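A single structure is presented below for examination.
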Amino acid sequence: MHIRVILPAIGDTFLQSALDDATAWALPDTKIDAVPLLRGTASIESEYDEALAAPGILDRIAEAKADGVDGIFITCFGDPGVHAAREVIDVPVVGGFEPAIFTAMAHGERIAIITVLPNVLPMLRSLARRYGVEDRISAIRVIDLPVLGLDDHDLMIQRLSEQAVDVVESGQADVVVLGCTGMLGVVEKIREALAEAGHQVPVVDPTGAAITWLESSVRLGLFPSRTTYMVPPDKARNA
Amino acid sequence: MHIRVILPAIGDTFLQSALDDATAWALPDTKIDAVPLLRGTASIESEYDEALAAPGILDRIAEAKADGVDGIFITCFGDPGVHAAREVIDVPVVGGFEPAIFTAMAHGERIAIITVLPNVLPMLRSLARRYGVEDRISAIRVIDLPVLGLDDHDLMIQRLSEQAVDVVESGQADVVVLGCTGMLGVVEKIREALAEAGHQVPVVDPTGAAITWLESSVRLGLFPSRTTYMVPPDKARNA
Amino acid sequence: MHIRVILPAIGDTFLQSALDDATAWALPDTKIDAVPLLRGTASIESEYDEALAAPGILDRIAEAKADGVDGIFITCFGDPGVHAAREVIDVPVVGGFEPAIFTAMAHGERIAIITVLPNVLPMLRSLARRYGVEDRISAIRVIDLPVLGLDDHDLMIQRLSEQAVDVVESGQADVVVLGCTGMLGVVEKIREALAEAGHQVPVVDPTGAAITWLESSVRLGLFPSRTTYMVPPDKARNA
Amino acid sequence: MHIRVILPAIGDTFLQSALDDATAWALPDTKIDAVPLLRGTASIESEYDEALAAPGILDRIAEAKADGVDGIFITCFGDPGVHAAREVIDVPVVGGFEPAIFTAMAHGERIAIITVLPNVLPMLRSLARRYGVEDRISAIRVIDLPVLGLDDHDLMIQRLSEQAVDVVESGQADVVVLGCTGMLGVVEKIREALAEAGHQVPVVDPTGAAITWLESSVRLGLFPSRTTYMVPPDKARNA
Amino acid sequence: MHIRVILPAIGDTFLQSALDDATAWALPDTKIDAVPLLRGTASIESEYDEALAAPGILDRIAEAKADGVDGIFITCFGDPGVHAAREVIDVPVVGGFEPAIFTAMAHGERIAIITVLPNVLPMLRSLARRYGVEDRISAIRVIDLPVLGLDDHDLMIQRLSEQAVDVVESGQADVVVLGCTGMLGVVEKIREALAEAGHQVPVVDPTGAAITWLESSVRLGLFPSRTTYMVPPDKARNA
Amino acid sequence: MHIRVILPAIGDTFLQSALDDATAWALPDTKIDAVPLLRGTASIESEYDEALAAPGILDRIAEAKADGVDGIFITCFGDPGVHAAREVIDVPVVGGFEPAIFTAMAHGERIAIITVLPNVLPMLRSLARRYGVEDRISAIRVIDLPVLGLDDHDLMIQRLSEQAVDVVESGQADVVVLGCTGMLGVVEKIREALAEAGHQVPVVDPTGAAITWLESSVRLGLFPSRTTYMVPPDKARNA
């Protein structure tokens, strides 16, 4: 099985770590490769960034289609370009939101998302409503670090742990979802922080959820429904 | 007051009629001008088209900002680029969906949208959920004409009338909204068709709703909330 | 265009200021006049008041119909008599709730209403559910001043500002709606108070929203749907 | 226990039968009396009628309060004046909707209301949303007879039976609620019609539901909550 | 009328008090008897307990059917076995949740449940969603006493009063429902505690609500709908 | 990884095929074994059956806990005993509903379930509401075959295909979920039937979804949240 990771950002900053992390979550015989965008933004933290990133993502979707990959992970929690991509390729495509949230739903009732900046809260609430799962998401918290600040692993872990413990201790959530796919390699630390505070509460890593989701979808023979994701009619396009 | 109409499509096919129609709905002292996209697609009938159109729309938003316009109408019922635009400009920005649907809500209980192709149904349902008004939209119908086929006015009027009469007579709706901003200059005909069939049911023209909405928003001193539409953080962007 | 303002209260206390304020919001060539009730209550702050006011409102609706007005604003945020009126007149009729809330919905995600007394909270929550927009209204606050106490402008401004700043700073809302049509001439002050506290958050004046809404509805050719607001059957009535 | 039935209509047409029917449902030692309105309308089949009836209902509430009754049934399915009444009296007050629908909810999943005219459908849908039970009401049907035509018992029974059997056989409902308190003395016939068609489906009589509901509420020591139904502030009133 | 109380627990600890309490709420000529389970658990405070109790409850349902009772109260707020029972008997069956909550809904807008342990919160939230009334339940509080600790009446009353007063004073609820059918004989005390704190707020006793509900249902000729609660097909069963 | 399949039925009829099918879906190095119930019912097609099966399921959960398995699949679409089981074991436990429905949600908007008998429709609708995904499930169809009739593979395939094609062609659904875990080995046939009818629509096999879900959950380090699924307090139990 061949899964393509599309990093929806320009520049190679996160590329290797995204690839390494996805590979670590994947089955041994799953082939993982990763590509950044050739046009787009350095990170996605607004609807504006998401809009600017979309054509560059779709360039990479066309390429992945030509390469015959089996599944695609657009590694951003805001699911940028995911629905557009499904219209033009016949293999499963996910971003970070759907697999992480749906996975969380089978392990506890109320789900907390902990993400980067307040800027993305309206986008995440919009996605929850779009997917019809808003009643399952009981809290969305931020750690007030931009995506490009997540390379300070210790600070990220400290703030994620604080928010995770607080949201559980205040009785607001039963499962914690890391709400940015740039929060790499820290899920175990957050779970431990919760356990040390006395809470046996699952924590979902969005990269892990996405990779296993794609592997399962491929094994299950699934693909984008053509009654939801109809093929776009032919027309002039110069984007 | 200066309102800029952004036609989110490449090519000038609809430009003059969009401008004329918007001008006809506007107050006499409202200045209206219109621009097409320099990059994008010939029309928007899919999430794919919408994604490809977004950067070209945002180019025009930046230009409008520099020009000091008072309000912006992105003339497409799918609200492409609307939320991204609100993050980067301080004047009201609307597409076709919000003003038409919200206007309809004060004139009858259950709203029917009649749009172009089945391809856009999932997008419209997603928007309804995103805006939290899905319980007010009781039916979405299509006339099975692509956007670029709407220049056959007689056929468009015939099919819109058929759908409008049918959705009302089957007891499914109380207000009809024309679900494509390319359905120009036909609202009165559809209302008459309903009246001839014995139904005193209002019909909302999305261009008219958008232009009057913008005029009202400007007069009311409104603008995009910066707690919903936060200013995107600075970063590298090359889209 | 001729818009009739019906002040759904007995006595002339608010009449001149309601007329002046509506006129100030209206287009220059919109004719505005205003009438109080001949039977009813001094203000509406309960379901009881609303029930007692309704027949007096409908008297004024009949009169407006005879006068051939183009639109009617029943100037109370609780929309008293609005739906009954729509059954018996063919022109747009609004109260304060619908135009203010629907207008707010296009400028930010979560809407806070700031109203007069706790007594009206259940009515406002009921209206939100009736209109199917309860998921957009994130907070309803009170300033603990009765309608007839709103003539103390300084106190009203102070308390509205406090509540507006607090509801935004506590992260509960993105748009503020003044939840009483007696809160005349203060919207700019509340917006400034928010700006001074660092929040670029729109504030909606319900009178302004209603007047512009009616003007737009008339220009758009809209009227009460006769499948929602059917004409009442003939029968004996002596109310 | 003393229960007052308020017939929210002028004229004595239904008074005796409403009294007889309520008495037949009541416990032997419950005292039932009934009064019509002195001002109002001959029947309630619109928001307009409901608005006109409200002050006359509140007159009767004041009288009932002076008489020291233990509970009040405003015998109309649209719950006219019910919420206003609760603000000014300390004993349970119900119309037809709440007790019938809430009672139905414990006997089957999806509830069908069968009522008189299409005119009242929007009112009933509004009530369902107001009470937060819209997801339990799966169908609302009409028999196309006005309230004042219900004295043709045979026709009423025939049409109610047709609608009841049809709504069950088409798989749309599990419990049937008679949606007009003027549908007196027919519940058993409708249940039999369903049974003859092979459907063991409960049918709720709104008068019976209201009378037993009031008796239960009194026995349980319940009364209108003063945080929902606050006492209206003093002020001038001349309605 | 003969109502059977099924105490869904092994052991006779609560049996006499459950019988006495139900009898006190019942009409004089209602015959009440009560039986515990022969197999099950000492109390129900988890989904695990509920699952283990179900077959023992169904044994008692079969027995009640053979005895020809007119109605059944499974005296637990979690409604254990209620829906299974309705499939196999033709008389009304209720637990504690439905009658208490539905009764509360006609006396105030927002309902608070005060129950025993945090363990049951997810079950109660699930029931609220199952019944489609989640929007009416504004708070669920616990007194941190297990069911078997409720025999300390003074402590139970103290904690219930504290929670009831707090949930009302913090503006979260309009009606209080005692969320465990083991909270016997205290409803009046809690109502008094609220009154002493200045709150005229109704309090619903679930046993009283269930007994009166069953009496009313029998008088109204109601029974489990066979389109919701279909008769289970024949098959081998050895549970 | 060791996954235990619990067939929640007495008798060995389906045991071997359930084991074979689960094994076929599993990864090569996943160890799968399967056990039937020692007490329960021959199949689950009612709330009654589900109640009777629960203790026998929990016996098998205790055994699985002692055996140190890594995940548990209770192979029934109604999720019997799933929530109770999660309270007493620290590894992922799923039935058929959650993994199949949540998996489906990432491949199309509106989900149709096709199940066995009308008897289970209320249970499935209840589950959908319990899980907060009722807005995603657009249709539930039946093939009118009991579970024990599913061994007629040809008839099952024919009826499933008919329903699948019909629900898609009538525009009601975008993804099809086989709504009984006894529908073994037919998913490919149904997908082909849809393809032959011209519909590229994914079909979800609940056994495949469950097995891959468990494998993913284990790989992701997930387990039942102890704030949703609290450990039941100690007490006497003899079920």
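Chains: A, B, C, D, E and F, in written order; residue numbering restarts at 1 for each.
Here is the rule we use: contacts are C-beta pairs under 8 Å (C-beta built on N, C-alpha and C of every residue); 3 or more make two chains touch, one makes a residue touch a chain.
This is a predicted model, so every value here is computed, not measured.
Trainee: Give me the C-alpha superposition rotation for subunit B onto subunit D, in degrees, nearest 5.
Mentor: When the C-alpha atoms are superposed, subunit B turns by 120 degrees onto subunit D.
Trainee: Is the contact between subunit D and subunit E built from the same residue numbers on each copy (over half shared) or from different ones (under half shared)?
Mentor: same
Trainee: How many angstrom lie between the CA centroids of subunit A and subunit B, rounded to a whole number?
Mentor: One centre to the other, that is 31 Å.
Trainee: If you average the CA atoms of subunit D and of subunit F, how far apart do the two points sit, in angstrom?
Mentor: Distance between chain centres: 43 Å.
Trainee: Touching two or more other chains, which residues of subunit B qualify?
Mentor: 109, 122, 126, 129, 132, 135, 174, 228-229
Trainee: Within their complex, state which residues of subunit A touch subunit B.
Mentor: The contact residues of subunit A facing subunit B are 10-11, 39-43, 45-58, 81, 83-84, 86-88, 117-119, 122, 126, 129-130, 132, 146, 148, 228-230, 232-233, 235-239.
Trainee: Which residues of subunit F touch subunit A in the complex?
Mentor: 25, 27, 90, 92, 94, 98-99, 102-103, 105-110, 131-133, 135-136, 168, 171, 173-175, 187-188, 191, 199-205, 208-209, 212-213, 215-217, 219-229
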